[in-house]
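Lettered A, B, C and D in written order, each chain numbered from 1.
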Amino acid sequence: MSKIPVGILGATGMVGQQYLYLLLNHPWFEVTYLAASPRSAGQKYRDAVAGRVHFPGILEAAGDLIVADASDMDAAASAQKAGTLNFVFSAVELGDKEATKKLEEAYAAAGIPVLSNDSAHRWTPDVPVLIAEVNHGHTGIIPLQQKARGWDRGFIAVKPNCSIQSYTTPLYALIQRGFQIKQLIVSTLQAVSGAGYPGVPSLDMIDNIVPYIGGEEEKSEEEPLKILGSIQDGRIANAQGIKIAAHCNRVPLTDGHTACVSVLFGDKKPTIEEVKEIWGSFKSLPQELELPMAPLRPIIIREENNRPQPRRDRDADKAMAVTVGRIRPCPVFDLRFVGLSHNTVRGAAGGGILNAELLHRQGYIK
Amino acid sequence: MSKIPVGILGATGMVGQQYLYLLLNHPWFEVTYLAASPRSAGQKYRDAVAGRVHFPGILEAAGDLIVADASDMDAAASAQKAGTLNFVFSAVELGDKEATKKLEEAYAAAGIPVLSNDSAHRWTPDVPVLIAEVNHGHTGIIPLQQKARGWDRGFIAVKPNCSIQSYTTPLYALIQRGFQIKQLIVSTLQAVSGAGYPGVPSLDMIDNIVPYIGGEEEKSEEEPLKILGSIQDGRIANAQGIKIAAHCNRVPLTDGHTACVSVLFGDKKPTIEEVKEIWGSFKSLPQELELPMAPLRPIIIREENNRPQPRRDRDADKAMAVTVGRIRPCPVFDLRFVGLSHNTVRGAAGGGILNAELLHRQGYIK
Amino acid sequence: MSKIPVGILGATGMVGQQYLYLLLNHPWFEVTYLAASPRSAGQKYRDAVAGRVHFPGILEAAGDLIVADASDMDAAASAQKAGTLNFVFSAVELGDKEATKKLEEAYAAAGIPVLSNDSAHRWTPDVPVLIAEVNHGHTGIIPLQQKARGWDRGFIAVKPNCSIQSYTTPLYALIQRGFQIKQLIVSTLQAVSGAGYPGVPSLDMIDNIVPYIGGEEEKSEEEPLKILGSIQDGRIANAQGIKIAAHCNRVPLTDGHTACVSVLFGDKKPTIEEVKEIWGSFKSLPQELELPMAPLRPIIIREENNRPQPRRDRDADKAMAVTVGRIRPCPVFDLRFVGLSHNTVRGAAGGGILNAELLHRQGYIK
Amino acid sequence: MSKIPVGILGATGMVGQQYLYLLLNHPWFEVTYLAASPRSAGQKYRDAVAGRVHFPGILEAAGDLIVADASDMDAAASAQKAGTLNFVFSAVELGDKEATKKLEEAYAAAGIPVLSNDSAHRWTPDVPVLIAEVNHGHTGIIPLQQKARGWDRGFIAVKPNCSIQSYTTPLYALIQRGFQIKQLIVSTLQAVSGAGYPGVPSLDMIDNIVPYIGGEEEKSEEEPLKILGSIQDGRIANAQGIKIAAHCNRVPLTDGHTACVSVLFGDKKPTIEEVKEIWGSFKSLPQELELPMAPLRPIIIREENNRPQPRRDRDADKAMAVTVGRIRPCPVFDLRFVGLSHNTVRGAAGGGILNAELLHRQGYIK
């Protein structure tokens, strides 16, 4: 059986390379189309990324593909008609939210579904922000999105910011079991790969931390509300009654975002043992469907008091699991814990691929 | 005028060396007595620290002093009688709280005041835990301590844990101006020098963080309550009505502890502008007395959104100031900010020296 | 077909854990016996390593094995008789060369071949120091070793120091093609995992390097001579005519030793193109035998001028390949290049396993 | 007595800020003129550097100065006539060697001496490349330079690349005592501040090294030859008979370049004791003249085998001394040692200031 041909927009950047790397040998998808800025267009991929290859094996697999101009819709439409481009992962870095929105819409209008890493469409009411284990039901908005915009088989779905993976799934698991969450105070310790390449200067990260990441706290406070929300009247309405405060820090690490979380529940409060039981046994639709990129256990509990640690735990279960530890009472709120997830896999390309697998099994991507 | 002769217990360790380094050229105090474990006793200081000298200039100043055994009370008493030992800074690392208590009490009983870095006596009710700008009034318990224990001129005073300096002084400044603090959630990012030498293995700190420091969260939650408390019936009673939750993390830095703080006030809440005015203008007794080690401004405000940063701000004002930044509203509580202080200077030896200067001016150390 | 049962001495240390990790799912060998110090003996492996687990999956595989005392030869002999211990990898850290020698000899005398990571026996004349691609022929000394010592099926073979892998194989490839090497000046930049755990203090490795590693320069200068030598009169005689000078530095990295090498050839000097051709096409006996741990290409050439880099190249081909780059003329000698190899895989446990595979195929391990 | 007014070209960059920082409170020079790119021109200095201030105190001292356009020669000439600009330190980063040459020549032609950090004029035959302790005599070419170019009081003098300070002065001290140097193989471990800000991406420097710095090896091999050369026929002729090979590596450090050096002498070879005696007693003209920025001892010897270390030794004697250690025989050449110097102080702004002090005392700068 032939694989589904997929394109990567922004294929020369670090996230684009990560998509390509994770899709080497994917059982369902095959990368057949690489697009980037006009500067790279027309070159062989190996030449376009010369001197900044971040992952092994990608040149061997795709070095001879000719890079297309991501804004060249004729090229994309031709590929789509030729049967060599069924959908795209978008990792463009235009630095302009409106231009990004328009580009993604152009692909969708051309009948090419877009799974985007960008934040441009995260607050578009009929665009789902997906964590496959949490709000897989939000894909139900896609037909409404298509209808409202007159799109046939194209659509836009996005993944959330990389900073929220380590606590959103654990919180969802508790909510699903009936424990209302009222307040959340989170401090994150985020790796430099989250800023791309070249990204953070080394002079800021040797013997130093930076207690600020532009826009990150707002995303960390607001995106979980949409993800935990519900479809109402053709739009995704935020979850109500949850307040989140985030302190986001850049720390000297390559990969892995850690979050220190204090949680205030509503009247019904789980015991520490219940929390562990809920997290340890949590499974969701991606696990039931046995999606290739799904971790066997979406939440892994470490009992040692000095875990999770980014270097030792970020790669757990294909780097797709969230690892939690230090589950203990909070003297101010109810519960404290530390969550960790791999920011460029679970929080970026890996999460995007898992979303694509879900959408394929749900029939939205063919 | 001759200087006051002072000893350092635990002089070969990193904090002991830091004391020696900071006391080079001190206007009032002169290091005349170095004591350490029996292993080092009897050696020249330069031989006892060979291969693990952390600070410049200390061998030139004190390399030829013969190291005493810190547990040899006869030696200490002789020095005291000979007029070459008026008080001691204690930086011993016995790893045994009861033994440490006894050792410190033996010096006090021998008429030699002890200013300790150790946590052993922090919860002894009549021992003050001093941050000179905050609870200088707690030195008033010393005569009661001396009387209760039958000590003449000896006494014990201690400094708090290095993790709390960056937020306790700012909070005190707000309390002093009438803003009650009800709840505090703090996440710290702490430097490796806080664990001494050899301390944290490099394999734990390269491309990694460790979300746990043994005993640190308890100290961070409880010590501020004693410091903000008051003398009642011959003991220091904790401040009431404040709840603190701390998440303590070890991060790959040499020096400088950073805290991300969310604060819930009582009914009376300051505006962001009031907070800045209060912190920016804060001065206390050490500033009035112009103590040599006192920073001109105990709290420095940085307005840039990416500060304070440990490497760039920890050394502000002799490394004795607390630098705060990112002063902004908290979506869950009332106020958020980031505080930074140098853990081995302000949070250890420098803070101890400032306490000694205060006690000297108050007449307790002569 | 059943697998060959193998033991690990020093199983709780970092190298011991690395052996266990690399042997998970090995096609020929199965870890059945774990031994360590008396402190760990008698405990379940999971308890003996609690709080210092460096690799994933090892507890799931071996957590319930009871740790033996490595010095308990009765236990080893019983296991050997019971058919559950055919040979051992030794990663003990006794800190005493004579005691280590005796321990390894006791196993060999008991009929249990020893493949050791320790330096104790590296200069024993009839013990081969093996890099499987270079001096596989040195295993021919084993029968002589056995005969001289009256051992039946036991013997001792060792692997060299982790600092020399990145240049010894490339140099051998040139020698093998007729280019004599006269002088070598090497500077290494070595990762902290080379010192084990806890190993190097983080205060030495944050914003710092240490231009010294005890004993490392001597090993780097002398061990290649034995490896490049030949069997003469029942002993391995050093290669003649080669002089090596090494500068060994510890740098802030987790894994991967890099060497900057300047080479002076004899009269016959290869061109840069010849060097690249020789290295790029180099294969040896492990490749011919298709040993499971053998890299397909023992030497990988990177053409970019900023490679090899430890983080991006150390894991090439199961972390068993040497990656070389910056192959260029030397203004003082003839040739300059940069070599990189993974110190705990190629340079320690992985190299040891490859040696065992070779010895198995040669009939020495059954 | 009033101070000599000095300008800084490229004042907003990291080296420009370092000049400003080191000149706070300089006894002879006072910064009165700050110039940078057109982008910064016309702004207050504090606004031009907002968000990228690397050093404390510079805004307090110079924050209200209006930044000039460095290419605006009218502004410079006016300042010169007004007596507020006698000479300039140039730390421009034009990225164009020809444009840099022309800019520096324009200042010199306008009667404003230029002390440059840039490499543009290092190979101009009548421009001296100065290390004040080594080739102070090369300033004798200035009158020839002025005459040849028709300049009145203006001239150009430059400082060498930051990578060579740690070995050039030690080698000069040996040469001066009659020991000819024939061959030198050097491996450097260089800090990230050498690449400026933003400079090296943190993704290249966390858990990694980069064995390449563009252009650095050529500079390291050739610049010492000019510095050790002599004035002949109106130009500086390279020293003859010395061959240098350099391997330059970028390592994860903020400041401090380390060099591992092997030296081959001519027939006359010093003993290790002679080397130590020569280096330990070395003084030169800057020390005799007691120039403010001159270290008391240009070469400091550390006897411990694990020194020099960048973080612990780079700041020795105002960060202007070279610290050497591990002085020992080389098995291939004659002598091995490790040298360390602070790259942005001794190797950049501090070295430039020392040169200016020398030129002032020699009457070239008034």
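By definition in this document, a residue touches a chain if its C-beta (ideal position, glycine included) is under 8 Å from a C-beta of that chain, and two chains touch if they have at least 3 such contacts.
None of the values given here were measured: they were computed from a predicted structure.
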{"item": "Contact-graph distance - origin chain B, target chain C", "value": "1"}
{"item": "C-D compared against A-D, more contacting pairs", "value": "C-D"}
{"item": "Centroid distance [mean C-alpha coordinates] between chain D and chain C, Å", "value": "44"}
{"item": "Rounded Å distance between chain A and chain C, as computed from the means of their C-alpha atoms", "value": "40"}
{"item": "Geometric centre distance via CA averages, chain D-chain A, whole Å", "value": "48"}
{"item": "Residues of chain B whose C-beta touches two or more other chains", "value": "54, 204, 206-207, 252-254, 306, 311-312"}
{"item": "Arrangement of touching chains [line / ring / star / complete / other]", "value": "complete"}
{"item": "Complex contacts: residues of chain A adjacent to chain D", "value": "54, 192-193, 197-207, 252-254"}
{"item": "Chain A - residues contacting chain C, complex", "value": "50-51, 54, 56, 206-207, 254, 304, 306, 311-312, 315-316"}
{"item": "For the chain C and chain D complex, residues of the former touching the latter", "value": "183-185, 187, 189, 204, 206-212, 221, 243-245, 247, 249, 251-254, 258, 260, 262, 305-312, 325-326, 330-333, 336, 338"}
